[in-house]
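A short worksheet on the structure shown next.
Per-chain residue numbering starts at 1, and chain names A, B and C are given in the order in which the chains are listed.
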């Protein structure tokens, strides 16, 4: 276990739990592919994710009903009889809405994690590599965000910005930025202390070269795991915010607002809340399986 | 190291201490589930509906509405008009506040003066601001002098905001947000905010023999489905439920008794009449033809609502909706009106709503869909409550879904809502003819002379359409079969719980 | 050690100050003002009454003055009173803290009961079908929105099993009642934590099992189960305890939606309502307390870590 620097607060404390350590990057795609498949868990996750992405892309073409089309005479129709997942209180087809809802959930998840990744990794790399006052200031700022309960912070940001898809991405992105900053900083700190960096410096390589040639490749592995796990958190956050009425606007279906609208029909028409919930579960499980598998793969102690 | 580890686990296991179970208090107890906690208990200061319902247990007003929405005496035994600007109330004798002191005309005068004083920040001030002076000629007589005759004065005085408070207590505590000093059927015994409030019987209550239960427990259960789960498993004896689907589920339970009555709240679809194209009354009226009110009721309220005009359909003043031609949906007529106004192909617009309004989003979505038939392409703006209020105050909207608190007296609701100077006229609606009708209706104290004025007014409001009047949701209480004697009032008040008994 | 502790505590000050500033600013950036929200859309007030209300709500001064004022009072331990209910904020928080703490503890206990045995089994049978299956089941708990799981549990228990969902009672009054009202929400929260704990138990145990001294113990002829109980497990549990601590910190602030669904009067519900009502003093107070608990828990975990494992020294 690495010792702790006296000035550390929650930031490093959290990272001390065994997590991803620096893998020695071996070249050879086939070597990695073989290991990936042998992992058994990660491929299942990847398959689920790819499957749901394909469905999301094809959704407009394959949905049996217009997601806005109301059919009052068929309201709250149980699953079956032309409606695979039943209908909601407006008589809209739940199956079509679940399929279309995947688009919002996935887009929000990917874009918000991308935001967090870009912001967090940049901050973390700079902090870890250069150190100094920038390190203290930016990491203290990350501590502040981190000490906020994530969901409350997201709620407050959404309330400030107002409800829209774009703002949803920003809110979730900000909330998860510190995690990327920490992972990237930890990796940068390790690399900075390695001999080959000193060697590279001695050879007269500039910082930019060192960052691109040595830092980025080493940060890649732990960040990949983080991306996968955060995608799952982002989908859950989107659903929680939409559930509270702060997410996507009706009638655009998202899994979160389907849950929100379906909640009062839990007794009468449980399919309204059950199916979007199951959809969330499957996709999030996919990201979790992939992330968990990658974590194992990239953790040198578990080889 | 291992020893320390196990020590730690043992300590962790001891964190939850086991203490003896406290015995339950004796007597009969009625447990009621509601979804909202009160925000303060001072009758003269609160604005939240949840607070009004709770204050009814602790306090009394001069007059109140009975279950047929007729005014009856509460603390006042009788009243009479000397002329249209002078009313004299005779108070009940021997009414005691919870601390044992007698309630007299001094307390009534103090309460009314307190509400009228701008420094009190009393929301009920606008109900009675025609009162120019309050006199207490003797211990049991109160005389009000008015600057103008006001037909809805008694209705205003029946508001929980005008519950009579104890003068000495207010002077002692400053305000009554956390203390209580009433004459009501129950007294506050224990209050754990957001969890429950325990009220005990007032042994000196002036309605002899009441209340019938010894303890009344109000539990806060924010989720409607959980409320139903509570009555189903008998953790609750009664629950106030307002979501249509949950009511439908409750009606399927043989052991539960679902009591419903058309309420006073009015769901409306408001126009900002200062924004084109809604400056044109034809466009607004076209919408009235375009929508199907029953479809909205079925979807948004599970059918538990009554279509209504500008005066809540539950009151005797309401004109039957069959007299309003546009209440029979007619898309062709709507399109024709839009064409006349210069929009043969419709237009794009926005509907503001908030998730805080139960069912508001459903109403918005159905209307959005129905407007597509006349070429109007509406976008929803479903915004958080605080933002919604901000937009409401700033009059920053095209159209908006609202739930207005109606009143048994037409003046109290309509004047402030649709008069060009009305305090809650966020439609920015100005119509000289309607203003005149409103002014005539409010000063006329004779009900028979008032009726034709309000009939004419309702018809005019439907056609001028500052808002589309949709429906009044039902007030719904779900009771166990063994709860007897409870009567539901259209204004949602629970004061008849004083007559309820538990007969297992 | 003392110097280490002092420096860690000192480092908390800027973080807590920052949190206070951020929450103070953030809640005021939200459109909608406390006074208007208090009035709603039904109430008419005269301009004179409005001025009086603004003064009463303390929003008549510039924001900077308000902040310094607030900071000064916080330092003296005065959290102010709620704008809506007029109750002292600190008293409200103290009243709700036990529930949040009990809910978190119970969720952790449930998570441990599920995760540790499964984690051990999964490590021992590494890469078998059982292992893969267990991990997928475990991760399912982490893959559901907890409020959805909570709603499903309510549906199943109240509708199909007719089990009464008790109202929360303080543990000092009736511990059985407390347990009755908390086990379902704790299960809904614990399911996700179980997945995290299981992952740590598994990987930590795998790591330990691969180490020299465990192999030596096997070599000395000790039976497999004895090696597991005497050597491998205690060592593998250390990181798991760390994770438990962090989850405790997370749980104290992360139960917002669950409290709403299960009608639990905890801190999450207090702060959620306060945000929506712009009850500034309450939001500030609760967020400060939650954040303080979070950083202190993390600090405690670090110290605990050193105490259990004598190999680690701070200072």
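Heads up, the rule we're going with is that a residue touches a chain if its C-beta (ideal position, glycine included) is under 8 Å from a C-beta of that chain, and two chains touch if they have at least 3 such contacts.
Just so it is clear, the structure is predicted and the values come from calculations on it, not from any experiment.
Greatest centre-to-centre distance from chain B is found for A, with centres as Cα means.
Geometrically, the chain at the heart of the complex, using CA-atom means, is C. Between the chain pairs A-B and A-C, more C-beta pairs are in contact across A-C. Averaged C-alpha coordinates give centres for chain B and chain C that are 37 Å from one another. With centres taken as mean Cα positions, chain B sits 44 Å from chain A. The geometric centre of chain A is 21 Å away from that of chain C, both derived from CA atoms. Multi-chain contact residues of chain C (touching two or more other chains): 30-31, 151, 154-155, 159, 276. Counting only residues that touch two or more partner chains, chain B has 225, 228, 356, 384, 386-387.
Each of the following residues of chain A touches two or more other chains: 159, 162, 244, 263, 266-267.
Within the complex formed with chain B, the residues of chain A that make contact are 68, 70, 72, 75, 89-90, 158-159, 162-163, 244-246, 249-251, 260-261, 263-269. Interface residues of chain C, counted against chain A in their complex, comprise 3-4, 7-8, 11-12, 14-15, 18-19, 22-23, 26-27, 29-31, 127, 132, 135-136, 139-140, 142-145, 147-148, 151-152, 154-155, 159, 195, 199-200, 203-204, 206-207, 210, 239, 242-243, 246, 250, 253-254, 256-257, 271-272, 275-276, 287, 290-291, 294-295, 298-299, 301-302, 311-315.
Interface of chain B with chain C (complex): residues 1-2, 4-5, 8, 15-19, 21-22, 38-40, 47-48, 118-119, 121-123, 125-126, 175, 177-178, 192-196, 219-223, 225-226, 228-230, 232-235, 356, 384-390, 392-393, 402, 404-405, 416, 423-424, 426.
The part of chain A that touches chain C in the complex is made up of residues 1, 3-4, 6-10, 13-14, 16-18, 40-41, 44, 140-141, 143-144, 147-152, 155-157, 159-160, 162, 232, 236, 239-240, 243-244, 259, 263, 266-267, 270, 273-274, 277, 280-282, 284-285, 288-289, 292, 295-296, 299, 301-302. For chain C in complex with chain B, the residues that touch the partner chain are 30-33, 36-46, 48-49, 52-53, 56, 84-87, 92, 95-96, 102, 105-106, 151, 154-155, 158-159, 162-168, 171-177, 230, 234, 237-238, 241, 260-263, 265, 269-270, 276-278, 304, 307-310.
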